[in-house]
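Below is one structure, written out as structure tokens; the observations come after it.
Going by the order they are written in, the chains are A, B and C; count residues from 1 in each one.
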Amino acid sequence: MAAAQPRTVRGRAAIYLLAIGFAAFSGFPFLWAALTMVRQDSDLYVTTHNPFVLAKPPTLGHVTDLLRNTPYLQFILNNIVIGLATVVITLALSLPAAYALARLSGRWGEKVGIAIFLTYLVPPTLLFLPLSRLITVIGLQDSIWSLVVVYPGFTIPLSTWLLMGFLRSIPRDIEEQAQVDGYSRLEAVVRTVFPLALPGIFTVVVFTFTLTMQDFIYALAFISSSSSMTVSVGVPTVLIRGDVFYWQSLMASAIIVAIPVALLYNVFLGRFIRGFTLGAVKG
Amino acid sequence: MAVVETKSLRKEFGHTMAVDGIDLQTDEGEYLVLLGPSGCGKTTLLRLIAGLEHPSHGDVLIGGQVVTHLPPRARQIAMVFQSYALYPHKTVFANIAFPLAATGMPRDQRPAKVRWAASRLGIDGLLDRRPRQLSGGERQRVALARALVREPQVFLLDEPLSNLDAKLRSSARDELKEFQQRVGITTIYVTHDQVEAMGLGDRIAVLNEGKIQQIGTPDEIYHHPANTFVATFVGSPPMNLLTSDGKLLGFRPEQFLPASAVGERPGQMVFDFAVTRVENLGSDRYVYGHLPGVDPEAKVIAKLPSTVTTPVYVGDRVPFVVSGGDLRYFNQQTGTLTAAGEAEVKP
Amino acid sequence: MTVAQRSAGEITMGPRRERYLLDRERLLGPALMAPAVVYLILVVGYPLVLAFLYAFSDVTTGSQSLHFVGFQTFVAAVKDPVFLTTLRNTFVFTAISQALVVILSTVLAFVLTANFHGRWFVRFLVLLPWTTPVALSAVIWLWMLDSIFSPFDWFAQLLGIVPPGGHIVFLGQSDLAMGSVIALQTWRILPLATVILMAGLSAIPAEVSDAAEVDGAGFWRRLFGITLPLLSPVMTVALLFGIVFTFTDMAAVFVLTGGGPGNATQVLASWAFYKGISGGNLAVGAADALIMFPVLLGLAVILLRIASRAEVS
């Protein structure tokens, strides 16, 4: 559906009002976090004045405190390593599967495809108990690699679905032309389909990476040492020491992660939407 | 030696027989057209010859050798798809060079070959462009250059003109025919457009429901159709068919003229033509009506060239004639041709 | 004649190569899907089976082996005084938050599909709640709903809801705590549902709406008579996704309230975590988690029906 252009003044006013309303609803907590992040201590624990005005000049001291004096950067590093490793495993497994589903599916092939997507619906809150036991048995407890092993369990179904959509949009002609032109089927796919699927693959990489950052329960269940923690787990557990809450640093820890990821998604949103629709439309 | 041969070729998809026992031999260097409505099996037949589909039964031979179980790359064929399937991420040069890379030709030998193919199609200037920057006609030429560069035994073309707009189509058709005659490579060409088929083919194979209905030159197909399917599929407007005396009688619209324009000739069949509609298309007049005396149910069309100026009006009942030699008789049950009229046949 | 020689050479090798290729073609599909399928069986299928086994056993984190005990564990889990509260909370949590999400996301999807100045920035803000890891956004909410320093206290004082110097104890009172958790979940899921709906909207051809306009339908009639009905399959998908996520979610509750005050906001998923990991009783934890399963299964069936109907059309 083409972007609607509300034609009446009332229509446009309604759009703007609603847009502002939703923006405020979604963004307010982050505004509050950002304000808090730069507040001096003496300005923070005060209830008398308008909390939206900074009575004392803003400071980045808490942010630097977070970065220098806490394991926060270690958490982020862990997330990056886990994310990249998961992406590699996910792509290696879901790309061929997506190709098979896009091009080679017979009737039962489609059923397997649906089964793959259904695994996404099996909740981590159900699997984490047996998995935590399995992780211990393998000897990966308290290691970031336990997460690398487990995360593809939910990234593979989603990646396969998205990639299938992208691959379907590449015309079959091109592969067959390459076969006639002298390549075996495998060579034809590698030389023609993959280069054309790169934008889709890149989108899936971004999506998968950010998905690994979202997990809370597995990281919480498998990892106890702060040096191996991810941001999701580390921030609420380590940075909250007993009853003492270093709120400014906590807010900073959230903002530092939230903004770039949201920016990334905003940039890729068009592609994601296209990926969803392609994946949903039967080829 | 036939360049391409199929023997009892059959292809089943589930419960449908897409290609149902086809025997075909091409002559060397000929332009053979596979003509038929959508779903008749012509594209499947082409793909079987190319090796993109595996037959359920039968054999494909290319250059005298059985290739039925060989993959496309081993058959020394070149194919042009309806969409041209140009590699969008490569330049025109790289597109044309692609098949050469596959054969393992050393990199330094490729540019010469690419330029040779490009010059035979007049696209030397386009080598650095990308497919999206080319017009429809240019894309066709690139696809042909890519097909030519391997010097295959046979060209397989799958409706390459259907994606071009009408105006471009006739000049592209021209170029294609001229190119093929210059290069002399056996070509098998699939289309549903009978005008294209008649214009391009040295021989036409008319297909329907997976079977070859008739193979012949355009003249043979048009003037001596083997059955009612061929008779009505080829020719626009289609041949008029009447039931008369338990037989099917057929004649073409342009053979159906006012008696006053033709004059009396021996062997003519005269009809009482009740006119219901007249379309003046400039170069021709189409006169629609029926023949109350012979087959009141049949809708009959007459195609009068503008050189025939006899006035004809809606509501008229005018005597129209068909020369005896133009009459064709078909079996009412099977549709096959039973007799061709002769000039001296009495009506 | 080189052609014939070359072909002859290929012919003798031909059938063998082709048989290999033909087999490969038919096996190609399964072969390509196999690694992914195997991995999922190992990392999802097998643990799922184990979860069932645990629930019918008495295993704890200290156990060496599995003893089958039939429904004993389930009975113990259900008889736990907190269990019923947990069950009720889960349904309340899910139903209210997703009802809100459906309505709000539909409106928001329309807003974001329209063109207006600043749309990119609004989209950015709208995406933030979903793209931020839940633990972190929950921490933000924790501070935002602090019993002493919440900015909402200031608003409330301004509006006179609360006397000057008064506070709203968001997370300390049962009802308010539940409301807070529901609010957090709604706030989080809204972007996801909206994006799904935006995808659905983009699939509706403009001609349909135009045709309705030519036919004389006004804005509201077009909306309710044409657009929304066409959108309803996608809405159902978005709703079901939201329900699945929320019904099985534990992070929001865990970080924001820890299930409290008391167990007022405890849900099945967080309860399973406490019992299984903190408490060490894997069997009971598994049983608690498995109670969610029938609901999930039902939802999966519904989703499948919708998916197959969409394929037919």
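One rule holds in what follows: contacts are C-beta pairs under 8 Å (C-beta built on N, C-alpha and C of every residue); 3 or more make two chains touch, one makes a residue touch a chain.
Being a predicted model, the structure only gives us computed values, none of them experimental.
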| item | value |
| --- | --- |
| Far-end chain from chain C, centres as C-alpha averages | B |
| Selected pair, greater C-beta contact count between A-B and A-C | A-C |
| Length of the line joining the C-alpha centres of chain A and chain B, rounded to whole Å | 55 |
| For chain A paired with chain C, centre-to-centre distance based on mean C-alpha positions, whole Å | 14 |
| Multi-partner residues of chain A (at least 2 other chains) | 184-185 |
| For chain C, residues that touch 2 or more chains besides their own | 21 |
| Set of chain B residues in contact with two or more other chains | 71 |
| Chain A residues within the chain B interface of the complex | 171, 173-174, 176-185, 187, 192, 195-196 |
| In the complex with chain C, residue positions of chain A that touch it | 1-6, 11-12, 15-16, 18-20, 22-23, 25-27, 29-30, 32-33, 36, 44-45, 47, 50-52, 92-94, 96-97, 99-101, 104-106, 109, 112, 114-116, 118-119, 121-134, 149-150, 152-153, 156-157, 160, 184-185, 210, 213-217, 220-221, 231-233, 235-236, 245, 247, 250-251, 253-254, 257-259, 261-266, 269, 272-273, 276-277, 280-282 |
| Partner chain A, residues of chain B touching it in the complex | 50-52, 71-73, 77-79, 81-83, 85, 87-89, 98-99, 101-103, 146, 150 |
| Residue ranges of chain C touching chain A (in the complex, touch as defined) | 21, 24-25, 28-30, 32-33, 35-37, 39-40, 43-48, 50-51, 54, 61, 104, 107-108, 110-116, 118-129, 131-141, 143-144, 148-149, 151, 153-154, 165, 187, 190-191, 195-196, 198-199, 201-206, 209, 219, 227, 244, 247-251, 254-255, 268-269, 272-273, 276-277, 282, 285-286, 289-290, 292-293, 296, 299-300, 303-304, 307, 310-311 |
